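Please find one structure pasted underneath; my questions will follow.
Going in written order, the chains are labelled A, B, C and D, and every chain counts its residues from 1.
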Amino acid sequence: MIIQLKKETKPQEIKDFIKYLENKGYQIKDASSQDLTLLGVIGDTSKLDIGNILSFSIVEEAHRIATPFKQVSRSFHPLDTVVEVKGIKIGGNNPLFIIGGPCSVETCDLLKETAIFVKESGAKGLRGGAYKPRTSPYAFQGLGTIGVEYLNTVSNEVGIITVSEIMSSDKIPEFEKNIDIFQVGARNMQNYELLKALGKTKAPILLKRGFSNTIEEWLMSAEYIIASGNPNVILCERGIRTFETYTRNTLDISVIPLIKKLTHLPIIIDPSHATGKRDLVEAVSLASIAAGCDGLIIEVHPHPEVAYSDGAQTINYDSFKTLMKKATKIAKVIGRGV
Amino acid sequence: MIIQLKKETKPQEIKDFIKYLENKGYQIKDASSQDLTLLGVIGDTSKLDIGNILSFSIVEEAHRIATPFKQVSRSFHPLDTVVEVKGIKIGGNNPLFIIGGPCSVETCDLLKETAIFVKESGAKGLRGGAYKPRTSPYAFQGLGTIGVEYLNTVSNEVGIITVSEIMSSDKIPEFEKNIDIFQVGARNMQNYELLKALGKTKAPILLKRGFSNTIEEWLMSAEYIIASGNPNVILCERGIRTFETYTRNTLDISVIPLIKKLTHLPIIIDPSHATGKRDLVEAVSLASIAAGCDGLIIEVHPHPEVAYSDGAQTINYDSFKTLMKKATKIAKVIGRGV
Amino acid sequence: MIIQLKKETKPQEIKDFIKYLENKGYQIKDASSQDLTLLGVIGDTSKLDIGNILSFSIVEEAHRIATPFKQVSRSFHPLDTVVEVKGIKIGGNNPLFIIGGPCSVETCDLLKETAIFVKESGAKGLRGGAYKPRTSPYAFQGLGTIGVEYLNTVSNEVGIITVSEIMSSDKIPEFEKNIDIFQVGARNMQNYELLKALGKTKAPILLKRGFSNTIEEWLMSAEYIIASGNPNVILCERGIRTFETYTRNTLDISVIPLIKKLTHLPIIIDPSHATGKRDLVEAVSLASIAAGCDGLIIEVHPHPEVAYSDGAQTINYDSFKTLMKKATKIAKVIGRGV
Amino acid sequence: MIIQLKKETKPQEIKDFIKYLENKGYQIKDASSQDLTLLGVIGDTSKLDIGNILSFSIVEEAHRIATPFKQVSRSFHPLDTVVEVKGIKIGGNNPLFIIGGPCSVETCDLLKETAIFVKESGAKGLRGGAYKPRTSPYAFQGLGTIGVEYLNTVSNEVGIITVSEIMSSDKIPEFEKNIDIFQVGARNMQNYELLKALGKTKAPILLKRGFSNTIEEWLMSAEYIIASGNPNVILCERGIRTFETYTRNTLDISVIPLIKKLTHLPIIIDPSHATGKRDLVEAVSLASIAAGCDGLIIEVHPHPEVAYSDGAQTINYDSFKTLMKKATKIAKVIGRGV
């Protein structure tokens, strides 16, 4: 961390401040010139609160040089993390992990039908929300426990990995019994109590990026889970909020190579929420594969227009089949299986 | 709601779609011209999911005309909501409700000293975080239960209303025993499980706006609490995320008159988080009062530079005293007490 | 356009307002219910100023149903626009139009060397800035006229199409003499005086999207050029400003299929400005091709670290060669040449 | 500037890089630890291009410590700049400079009537657009030269200072003959050719902040004008683009105290564009005065509903009169005249 002191700071104040930092176990290097008083703080500054430093009235500015995240960082763990679920490997150079399925779990039969279809088309994961974070209290809130149980039933019958959103820590036992991959939704990315609780499980966590969070904040949320003891984190970009209104969100495509550089974690893309429009899902999916993602999570429904939620961004069976064929070709060009 | 159908839609498809809507209990009015097929949907469209409408392949666009929130709306409840806490009235034309205190509860003595000071300066509320949502898992996470108890002790001894952040529903009993006003932080504004649980209490809820949420989303979160049975909602604007880096957030000052127009709820401003810099707190506080807010929540600490958190935006006693004097004068000009 | 009137509007006021609109040549359709007064305005509303409608005190809200752009719209001109420059066709199903070259024109020799290299690698265009919009008045502002002339010289000697940014209309004659494709930079996207002047030329215009402009605003700027008489517009997405600081901008990848749907114009991607980091250029370029773009504009320099500007996002010869090989493969998968 | 080199950088590469910087006239201070190689660059780094530094492959990151602006900085020029126009002083502790008038100049009679009214109400400036930057090429583009001449006529007859937007440098002679204060609109804030041309005049320049520009970019644009020779710059905040759709823009109120701290220039607020809604103009105006602005620029029209442009945010005579009375009271509380 580099700290710039105010021009008018007195020598004694500088001395006291340096002592304060040294008492916290840091080594201080003076990088001042005649114009600026600059101090370099050496040591594990990930534990040093920049807000605390800025609160000193003699401090003009403070810049963090080292990243605040540690265990998610590629420099801490150079090899790719590969998350294994029921024998399927996600991340590394393993085949793409494609997840299809409805926004919300509706009936058990429909879920099973969809699971069979997406599996036959090449997907290895089945998505379906049982607890739904809806903007309006008057909108359909999901089937709850029964939806979670349907997912388990279908998973066993069809042989497919399930992904579903968990919204509060009291549902962890229910999820541990029924669900393979626990999704943390965008709105809960900084629900730290939930992250800490999930960090105490061994379940693979699909951590969605908050719709206005920076990459650093996202990685700090992953750090919460890992620091609590659970290394099985899969990152998921689902589009960020921008001024654009033609699309529901804006997919940050450059996140893919960037995450690969900064961290060792797998990264999956959600083209359905990223665009909000089914016409755009295919193009954005192919783009994500070309950019090097480790998988996709796509909303698929036999009849999107009667889906309980998110129909506008849900593709039907034919579209999913076509998408999977093209995805396989693009993946092959970049040396990746599906 | 106005629905525009695609040009190529066939008469039978239009008929079927109209029947679908009528079956949901809506009346349909045709507003088409030779260029556009437009349908007006009449009835309580707050229960109609716009995503569901958009999922029909024949739908080009859909615009909500009526607001999706109901119980928070001024048209539903024309008179100002006044939240009463231990005899103090917040909102309406009542005196401004000013809250001061540290970011985090540190020691009981320090909290008491600060409480006495802010009360003597004219504040009626004491803030202090016991559970802290920190970006880093390695940063100070708050004193927890003991901090909550300190707040209660100080409240009783000094005679001041306490405000503290609640981050998960399992802490509700602890808060009901110890805290006067429960704060929902910006990161949890869309933690719907928490909102629903708080809606089942009778506690006054200070609902902060998420740092990238629209006013409509914020009001929908208030709607969650009220629809669950708790009408005691106080809105709190604490700055939104923008590109600007000189400030931590950007205060949306126009929210004040806008909230007064759209809703009947009290609105309080947090100039500390809105700016992130103590030098800017006074100017922004005075501006908020001039714009018509119902109160302020300000971070105050006797020695900001040794505060456990948020020191950079925390003002000291002298600054708070000066601010309160100026605030009183501005409030008087607009016909409001402090 | 759908206009919602305030609840308390009197019948006579509604009548007067309808007459006002009818006098402007519109037909009015009443879509009111007992709760809402809604009027549908029928006719060419692209000429109706929404701000003017909103200025009536009886108007609650107004929603534009038809798009405000006309000549850029695919519904106005269903076939793809193909811009032809010196025999090279851009857009439609023609091979990708790849442009390489330095951020700024430096020396004529260096420019020629780079032109030869990018052409050999498969690019058909050469970029190079002679007038540079720099944030700081103290930064290198470009070679000006001499730079423009170097581009012409190199174009003739090497046989390559040149692209360079024009910042004011008084340089049009100079550009007409020397440059093949005139670039309008992001900062000038809404410099309407410049757009109108360019609309009076016949030159192909590469219109960059402003860094915080919506797609609609971008298309309205294209509409300015076309409405002034010049149909040769090529759109260029170069990333939008978001909160993210790891990248210079955020590429809006979904713009590619969206532009194809909304308009008939070619769309080119600038991965260099979109990311600001050379490590990310390749992944984002491949993604753009997979999503269906019509070309790329990439900053290439033999020694990025001594480039006069934008070195951080400039790739060197080896990287460009590798990128072109991979680009060719991805393009082939989606049935496109390079 | 602090430069962090990559871990794997070799000693010889560091040596060469230091020599490169020393050759540019900078002194280098080593602030490295065992984990990080950090170099402090000492000298006038406002002339050092950060992009150039980042282009070296051995550079991991570079942070500017000193501000990139110089002549606009308060540390360069500690006293407030006071811009004087026809005997009226703007900035410093001088009375607030309030500007009223229509969005667009319409007829000479109407302009004169409005000028008389706003002057009687206490305003010292008259606004009116003759050249209008409209999103649509089909919208009213302003009266042009004749509008500029009307402003001059009215200014002379009524005795009021005129403010009007200039959109291209070829209109400078026309403006120098007719207009007192030249406004640079938000869309042209980074039209550097225009800024440089205005820097060669002696006219007071009202420089609006671009709707998505940072404060630093805004100040760099002011630096362009001053560095070209014209110190008469007045900054104008008019709201920034955010996700919020209830308002046209979001006023950044904290800009007021921040600008006062960072620079010596006067700052004026435009509550009309900042909100886009006439109901919000008064509250936001009073807030701006309480926060310490040097003036306001407000859209006023006798009949907003028939104004040629921006009617929705234009207030009528009665509202302006009321606003001026309240403004005077708030200004008095903070020790300022109107």
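General observations
One rule holds for everything that comes next: a residue touches a chain if its C-beta (ideal position, glycine included) is under 8 Å from a C-beta of that chain, and two chains touch if they have at least 3 such contacts.
All values reported here derive from a predicted model rather than from experimental measurement.
Separation of chain A from chain D in touch steps, taking the shortest path, is 1. Distance from the centre of chain D peaks at A, each centre being the average of the chain's Cα atoms. Each chain gets one centre point, the mean of its Cα atoms, and the points for chain B and chain D are 31 Å apart. Here the spacing of chain A and chain B, counted between their Cα centres, is 26 Å.
Chain D has residues 212, 241, 243 in contact with two or more other chains. Remark: chain C residues 46-47, 49, 51-52, 54-57, 68, 133-140, 167-170, 187-188, 190-194, 196, 211-212, 217, 220, 223-224, 227-228, 241, 304-305, 307-314 touch chain D in the complex.
Considering their complex, residues 2, 4, 7, 27, 29-33, 35-36, 38, 40, 42, 61, 63, 65-66, 75, 241, 243 of chain B touch chain C. Across the interface of their complex, chain C is touched by residues 212-216, 240, 242-247, 250-254, 256-258, 261-262, 274-275, 279-280, 282-284, 286-292, 326, 329-330, 333-334 of chain A.
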